Amino acid sequence: MGKTRVCVVGATGFAGVEVVRLVLGHPNLELTMVTDRKEAGTPIANVYPSLAGICDLPFSLPEPAAIAQAADVAFLAVPHTASLAITPQLLGLGVTVLDLSADYRLHDPELYEQWYATPHTSPELLDKTVYGLPELNRAGLKALAARHAQGEPVLVAVPGCYPTATALAAIPAFEAGLATGDLVIADAISGVSGAGRKATARTHYCHANESVEAYGVAHHRHTPEIEQTLTQVAGRPMSVVFTPHLAPLTRGLLSTVYMSAADGVTAADVQAAYERRYADEPLVQALPAGQMPATASVVATARAQVGVALDDRRRRVIVASCAIDNLGKGAAAQAVQCANVVLGFEETTGIAQAAPLI
Amino acid sequence: MGKTRVCVVGATGFAGVEVVRLVLGHPNLELTMVTDRKEAGTPIANVYPSLAGICDLPFSLPEPAAIAQAADVAFLAVPHTASLAITPQLLGLGVTVLDLSADYRLHDPELYEQWYATPHTSPELLDKTVYGLPELNRAGLKALAARHAQGEPVLVAVPGCYPTATALAAIPAFEAGLATGDLVIADAISGVSGAGRKATARTHYCHANESVEAYGVAHHRHTPEIEQTLTQVAGRPMSVVFTPHLAPLTRGLLSTVYMSAADGVTAADVQAAYERRYADEPLVQALPAGQMPATASVVATARAQVGVALDDRRRRVIVASCAIDNLGKGAAAQAVQCANVVLGFEETTGIAQAAPLI
Amino acid sequence: MGKTRVCVVGATGFAGVEVVRLVLGHPNLELTMVTDRKEAGTPIANVYPSLAGICDLPFSLPEPAAIAQAADVAFLAVPHTASLAITPQLLGLGVTVLDLSADYRLHDPELYEQWYATPHTSPELLDKTVYGLPELNRAGLKALAARHAQGEPVLVAVPGCYPTATALAAIPAFEAGLATGDLVIADAISGVSGAGRKATARTHYCHANESVEAYGVAHHRHTPEIEQTLTQVAGRPMSVVFTPHLAPLTRGLLSTVYMSAADGVTAADVQAAYERRYADEPLVQALPAGQMPATASVVATARAQVGVALDDRRRRVIVASCAIDNLGKGAAAQAVQCANVVLGFEETTGIAQAAPLI
Amino acid sequence: MGKTRVCVVGATGFAGVEVVRLVLGHPNLELTMVTDRKEAGTPIANVYPSLAGICDLPFSLPEPAAIAQAADVAFLAVPHTASLAITPQLLGLGVTVLDLSADYRLHDPELYEQWYATPHTSPELLDKTVYGLPELNRAGLKALAARHAQGEPVLVAVPGCYPTATALAAIPAFEAGLATGDLVIADAISGVSGAGRKATARTHYCHANESVEAYGVAHHRHTPEIEQTLTQVAGRPMSVVFTPHLAPLTRGLLSTVYMSAADGVTAADVQAAYERRYADEPLVQALPAGQMPATASVVATARAQVGVALDDRRRRVIVASCAIDNLGKGAAAQAVQCANVVLGFEETTGIAQAAPLI
């Protein structure tokens, strides 16, 4: 059987080139096209010298017809609204879409319009889209796989980086009924690649290096996405107060989540719930009691590690911390994980590696 | 008038050598002695080559009698219990003590014994000790100055790094009555120098670099110190859930604090309260609305910067973030600030510099 | 056909755990044993949490008999002399050895004794050992492969990190006769992982961060190894003046090499020679004219990138710069590359990936 | 006596804001004006939050007449050619100029035109300009001081960062006659601030972090400046082969210099020459035998540290390594050092501090 042909749209961005890297190393996928509007015609290794001798594709323009001719599956690593602009056409042309943008993540198009300040131009697709957090929505992804196997192109909305880590930190506590109330505080730290490849004052080495700072306080766009997932998991309307921070590392993201503990919950209950919840997950590890995850342990991988503690000294608060790679499990590797499920491959194909950093 | 003679006890540690650096640049202080038990006899520049050509003192043993002979003031940059071991003697010999350890910070000796797992051997000194956060306890420090001017040796307990940043982030909200309830969540990030100069697996460059992680969750020793200050400021018993994180920078500390907003409080109220509270503070800046502090802006200084926001979308939470240098305002520079007050110098003498980093 | 069973000796060190990671992802190798004297009994994921859920082997003691029972091939990631202590036994027990230590790299045992201040206890093995730089000694490695295919255990001395990068930078110039004289200056920069996993003053984050420094000037132990290779390549006795530097990065090594240009040599000659020399090498890239390599382009890989320029303004000097990962092409990945040749696999099996860092 | 009034032209650049910081802390200088064409009207703390509460000057346009009205001395922290455009006018208006650009560093205007690809429009000023490396040209600077004391405005060309470190590494060997030949190899490493404040692909955190690379090989513009100084020191025409590298640190620069040793020179001769040469220099330290400098030891200071070794194993080469801060001794602090001499202050006034980094 031949390999599935893949186009990466927006392959100069950090998430895009990470999809490229993963597809190049994937036994069942074949990279046939990379697109970037500004770099059309330029060989990819001119922009990313790490690909010299490995990939000699030039960038193409992101024309849906050309993509549909070259590829069976498209990964869209583009800013919001750019996906709205081509996803309907790609699906219409028979191309299955893994969308890494925010355009199809929120089920409610009004919420999208409110947070992204632009109308949602294809709300009719939202019902058929699956929010691609396999640890939560594996059944939904498998339903897509069934449709895909019938020849139908499908659409996966790949979750954002902060929502992924925050969800993985909170899911076991809410699913097991250990967390009460309607408020979660999520305090997160991201590496600088999360700010994108554009050279700005904020991404200048001399600004980002040797410094940490909060940003987007009280209005970061990942907020409604986090609330949507928490609400799904808790079974009641949930709010989040979410504060992202920037720290001087290239890749890596940590979300530390604070949840009110239900009466009578013990530290052992919490630890057991987390271990049980992730025992069969191939890419998520609940760490032993007393251990908290370091982002270096999962950098450049599809993996997540979660640690949890109960602060029961005075007020009873569950503190859970989840480490991912913002470009890996938080973007590209999770997109490939979703693609594996949708295309009928073993879920960890091509993304099972351990973190290469020490 | 001659300069005040200074001994730095524990001058090989990171906070100790920072006191050394500040004393060397201080117009009214003269460094006459540096001590370290293991390095006795070694010139300080052999351990810290940055001092080559600047200071040629050798390390001495930390003998109280010798210290009292050489110096009028001692800065103790030592681990907890080491200060208990010599502070009473130093005071008895007429030496004023700026104690950077935790030994005299908690007013309640039982709390000390509970958190530090060792009895407090000089509880009788606690009543006379001032907790040296000048922005909160300036009157207390000035009372010490009056006693010192009479020839009486005095004792200042210099605050810990996390408690300093957390207090500065929370004080305006509580003092102005904008924050309700009895729980504060403090989520903080520190540079690696906070872990001390000892070479360990955790401080190895290849472990700390390119990684962030939480540590000491639910049981860090700065917890009761934070609660003591919050309780003082709020005027009611306060609890904190405190999570420190380690990030890959040498110096710098950020504490992001979450407080429940009282009914009717607006974002403008909050911003005004913070600006008003710090308007006359020489070393603390409330940033303009919408701006959050970066640790690089205060690195290697005695300064703090604070930003604040109100998340009033659903649940009403005040989010305030304070940036300091863990070794500067969080340790050595704050100790010098306290010494300036106690010795009758202008409060910012020798510590008014802007951050040297970009 | 079954997989070849592998033991990694010294698997707690940085090079050792990198071999572990590569073997775990290698389709033809099976990791059956990891050893470390101090950690015997401890699961490897307790020491390296990145392996949680991926590898649950505990460390064993490095006993040759046990190794021979568990494995067909041993990678020795040990300090010098530790390999001398077990390699003869392992070979005697039928185990093929990839030695990452310095013990069998120098053909001349007297040179070893002079630089490593210890007698060489198995000089009789040196004649049969191949210095495992495949780009230079591929024929020798293939001869080992033939012997190994006959059931004979063989020994590969995997090159050091600085010698690998320096050799790859110099080989084309000398092989093509473009470089004259008997002296090469090699000025190199390494990431901190090159200093090993031991926690020391030098590897403390706060020492290594935000600083560069030279070390081992005029007496680094890689000097005779570099000279041995240059002499082989030039066909005349060569000397090197070699200065390594430490820079604040975890992984990565750059060697910039200065060679006297022969009369009449042009920049085009030099560029052509480098491109030609590496045109068919799967893991080494000669960059286009005017481009110099960045270590990030090869981090965590078996790859090398080389750039070259001719300074012909006044004095005529060829300047070539080679980037590798000190733990990858400079240690573990090159060991696997050698193993692939010796075991008869395609040379890049399991080590063809692109660099995961941006 | 009043303070000398200072204008910093180009105060948004990294070197410019470092002059600002130093002038703000200088007891004899008063900052009266900062200029930047693009930011005219903006308070400086809006661009550099570290100055919040410390300096509230807004940026002005760099108009010579306005500068002459506001200031007695102007520091020009501008790109080359921008100084040519205003220096003659400033001098004509009676303003003494410390020029941090390259415009007046080369004595030979033809060399300037050749390397900077633009005509030198005020070559008549070159004879009166002093190249401001005080350790080499202190007499020249004192002659300027005498002219300045007579009311004459004077011009100092502040050296470049690489030329400063390279000169300080080479001067003792050449002055003492220990180095022979006409070629020096200078292999240098700079922090990213050396690339300037402009946000580019190269200064993006994710490009510069965790990577080292050579750049400008064989054609960096500091080359003729280095040769001019070496020729002055050696007393014969000297050439340099100069290779700068970029490393992941904000500030700091190391130049490692290779010089042929004269016959009979011993390691003790070399060490003694370096110690003797810098014994009376307040800001340059020759380190003890066997010790090499780390850039962290001098970061954010006006200081330099130099280490030296003789490689006399086969070929005899003197290897000297000099650490400076590229923005400190390599730019702003050296400019203030020159200003101190020219204005008749003690040479280290305001720039005597020890490095604040650990």
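Letters A, B, C and D mark the chains as written, and numbering starts fresh at 1 in each.
Following the convention adopted for this analysis, a residue touches a chain if its C-beta (ideal position, glycine included) is under 8 Å from a C-beta of that chain, and two chains touch if they have at least 3 such contacts.
Source: prediction; values computed, not measured.
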Next item on the list: Going by C-alpha centroids, which chain is farthest from chain A? Tell me that one.
Entry: D
Next item on the list: Count the C-beta pairs in contact for A-C and for B-C, then report the pair with the higher count.
Entry: A-C
Note to self: Between chain C and chain D, what distance separates the C-alpha centroids? Give it in angstrom.
What the structure shows: 39
Item checked: Mean-CA-position distance for chain C and chain B (Å) -> 47
Note to self: With centres defined as the mean C-alpha position, give me the chain A-chain C separation in Å.
What the structure shows: 36
Check: Counting only residues that touch at least 2 other chains, which ones in chain C make the list?
Finding: 14, 193, 206-207, 209-210, 248-251, 293-294, 296-297, 299, 357-358
Notebook entry, point to check: chain C touches which residues of chain D in the complex?
Noted result: 182-183, 185, 187, 189, 191, 206-207, 209-215, 217-218, 223, 239, 241, 243, 245, 247-252, 254, 256, 258, 292-297, 299, 307, 309-315, 317, 319, 321, 323, 357-358
Check: Mind pulling up the chain B residues that touch chain D in the complex?
Finding: 14, 17-18, 21, 24-25, 48-55, 193, 197, 210, 250-251, 282, 285, 287, 291, 293-294, 296-300, 303, 305, 327, 352-358
Next item on the list: Please give the residue numbers of chain B that touch chain C in the complex, ascending.
Entry: 14, 192-193, 197, 199-201, 203-210, 248-250
